[in-house]
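Take a look at the following structure, please.
Going in written order, the chains are labelled A, B, C and D, and every chain counts its residues from 1.
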Amino acid sequence: MTKLERLKEELVTANRILAREGVVDSFGHVSARHPDNPGRFLLSRARAPDCIEESDIMEFTLEGEPIDAGGRAPYLERFIHGGLYEARADVFSVVHNHSPSVIPFGVTGKKLKPLLHMCASCGHEVPIWDSQDKFGDTTLLVSDMAMGRDLAKHMGANPTTLMRGHGATVVGRSVRHAVFVSVYLEVGAKLQMQAMQMGEIKFLTKGEVDKIVARVNDYTLNRAWENWARRAGREMQKQPA
Amino acid sequence: MTKLERLKEELVTANRILAREGVVDSFGHVSARHPDNPGRFLLSRARAPDCIEESDIMEFTLEGEPIDAGGRAPYLERFIHGGLYEARADVFSVVHNHSPSVIPFGVTGKKLKPLLHMCASCGHEVPIWDSQDKFGDTTLLVSDMAMGRDLAKHMGANPTTLMRGHGATVVGRSVRHAVFVSVYLEVGAKLQMQAMQMGEIKFLTKGEVDKIVARVNDYTLNRAWENWARRAGREMQKQPA
Amino acid sequence: MTKLERLKEELVTANRILAREGVVDSFGHVSARHPDNPGRFLLSRARAPDCIEESDIMEFTLEGEPIDAGGRAPYLERFIHGGLYEARADVFSVVHNHSPSVIPFGVTGKKLKPLLHMCASCGHEVPIWDSQDKFGDTTLLVSDMAMGRDLAKHMGANPTTLMRGHGATVVGRSVRHAVFVSVYLEVGAKLQMQAMQMGEIKFLTKGEVDKIVARVNDYTLNRAWENWARRAGREMQKQPA
Amino acid sequence: MTKLERLKEELVTANRILAREGVVDSFGHVSARHPDNPGRFLLSRARAPDCIEESDIMEFTLEGEPIDAGGRAPYLERFIHGGLYEARADVFSVVHNHSPSVIPFGVTGKKLKPLLHMCASCGHEVPIWDSQDKFGDTTLLVSDMAMGRDLAKHMGANPTTLMRGHGATVVGRSVRHAVFVSVYLEVGAKLQMQAMQMGEIKFLTKGEVDKIVARVNDYTLNRAWENWARRAGREMQKQPA
């Protein structure tokens, strides 16, 4: 199998995992930067994540133009992915989701912060992007590069951002990393909602977050991936190069 | 297959989806206007949604009279459906449910409003119909046309209404549309309950709701339907004409 | 099949349903009055509800003495069942459970009341029995007839009672009825917990409860039973006489 | 089968049960003291609990040194287990988890206390260990014997302890006992979070806790184990000696 074929398989598994773990429902998507061409990225045609197969994975320029669409309709919101790959050379995978527990944070403006070691990867700061600020009344969908670039700019160097009334976007250094951060962003948000009802929360310190983030290696990611892939009915594969 | 046969299949799938997605339990129902005769509608005999088969689908006049019952007992609450098809020519499908997260809104009188783009289809306003107001102490069931018509009148041109101590009713321009609105009404209600505990909520603006509602097309509905049908163990079919 | 054999099958299905619907976990039990001898009742040997088979069903006197135990160890708390069959000729089935959503009501003393038509069967009043009041520090288990009789006395003519720090007990005119009331007691408790956080609750009126309770007939019970039996992997059978 | 082989099978089942019951996700672990050598313990190689097989179970000294690793990578946090086996001769099994409902207690400092008879086994007092107190900014992981011993010292003679921002650790007199306490610690934490929103809680009295703890025997543990093993797709076995 080529590097490209392996990465397409990885994306299919990622979609199935995100669906199985409740991070996406019939909507939401995950992409990867092209392994041979950093000016391209891979993303499924517009289809529910749990239904996606290898032949659904399309190739796009960073501006969201499909290469050889072959009749496949793309997701409208491919500009989220393009905007982030364009802005950040450190990003190799992007997840966009409507992960249920993050929504209440986006619409109330309450800051989501890591309180559990597994959730440190959401970073010191989870900004909230509000499409209303710059684009006024829209469908809230990131439907062109102007919106995609604004989202990327607002996100800055952070690993995650919420989107008011819409969901969240997460980046990673690999598909497994972006999926890991996405799953534990949901876990952390649910825990924080519960803890907020109980009293003052002792969040992780800045130093703890830094130490944990530095330690999340492929070993950690693969332990989770093996478990999630199995739950999603997919075979565990070596991580693509 | 005739248009009628396709629509019966569609209704079976709709019932299974609503059960699988937690919108109905052993009770609740979904109907469609007859494809050849706008003065009739199709609805299952009285049976739990997840058990329904094609042969359970009966035909009714808009006043709830069964055509050729063939020994099948109808749902008592068929008048919800009749009342709405009679009042609104724009309605081609009706879902009645006891969707868990909407109940607390109905009994506290708190207004359910869209805070997530996926939930805009519940409309600007979700009225609450209280059978007590006009009919006093009843079983709360919509058991005749007088009640069905009163519900339809109270609902007005809105896509959804809550029913105090009872559940919700949702209409759509197709079966897939009514199912979509029903699923995301439940999603939105759960999110709003959580967000209300956290602080002031920034709901979607009126302009955002209008723009999103205008964009929910068959494409969107089919993406969700493919996923839900698969989860419910039903084949994805083309949408009936 | 004899009436007794049918009823044993019904009890197995009831156990599986209660487990599948989250009303019991590895503990909790359901019994039926003997169809031929009102001075006896049927209850499984001490085993987790989801594991129970026909051969596990034992026969007991109303004082909890096993008839022909055949080496099978009984539940310690069989006195809950005996106490209720002894006190109330209207009772043909008893469910005892640790249904999760009812526990917070028992330990806070907040009154559980019906707010949804499906939940009216829990009755106008759900008393809370506290074993501490009469028996002081115990394991909280109803471990002899003195405790079983005290519980029955406290419950009075009500269909349900909570037990502080322990769970709930529900009675019915048939196995299907007791299971139905148990499932919707859990549903109603969860909804009430949510609604209490949102504001003042409009509960069902006394008249509404009476009207609904009068209407819950075998037809209603069988619709739910068909669905629940299927989910629990058991065949739908005619209700035993 | 030897005693050692039986115990390895038991540990595999324990891992699968903890995963199935939601006490562990892709992380967390359960160990047992070696049946023939109290100076050793058994623990899986670093792998997600639901994926573990007999050949993954490794042997360690109480200081966490692997005996005959055979290329298998150990869990970093094996020192939690070593520290507890070293400090307490009464401990034969240890579970470490990130059980979701206990996390909010750890980060808010609210005391988790038994309110349900099934949960009495968490003990009169659930201390909260904060790695920050003695070790400052770390990854929060118990990554050497100094931390393992400090945790064991803080836990004292209690059956459970929370770990701030991290999870919980539970000990037992057998694998089944430690699993039982872990499952009901999660159940109790969830119930207490709900009850705290409703009003003043009447917790179990000290006398009630003592009486219940004294009564939790192998009989109780086996009833739950049969049910949980079946749900996890594992055969029910006799408890290892």
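Keep this in mind: contacts are C-beta pairs under 8 Å (C-beta built on N, C-alpha and C of every residue); 3 or more make two chains touch, one makes a residue touch a chain.
What you see is a predicted model; the values in this text were computed from it and never measured.
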By label, the chains that touch chain B as well as chain D are A, C
For the copies chain C and chain D, the interface residues, called same if over half of the numbers are used by both and different if under half, are different
Dist(centroid_CA(chain A), centroid_CA(chain C)) in Å evaluates to 46
Whole-angstrom distance, CA centroid of chain A to CA centroid of chain D, is 33
Check: chain D positions touching at least 2 other chains come out as 197
Among line, ring, star, complete and other, the chain contact graph is ring
Pairwise, the chains that touch are A-B, A-D, B-C, C-D
In the complex, chain C touches chain D at residues 25-27, 46-48, 50-51, 73, 98, 100-101, 103-105, 107-110, 132, 136-141, 164-166, 193, 196-197
Seen from chain B, its contact residues with chain A in the complex are 115-118, 187, 190-191, 194-195, 197-205, 207-208, 210-212, 215, 219, 223-224, 226-228, 230-231
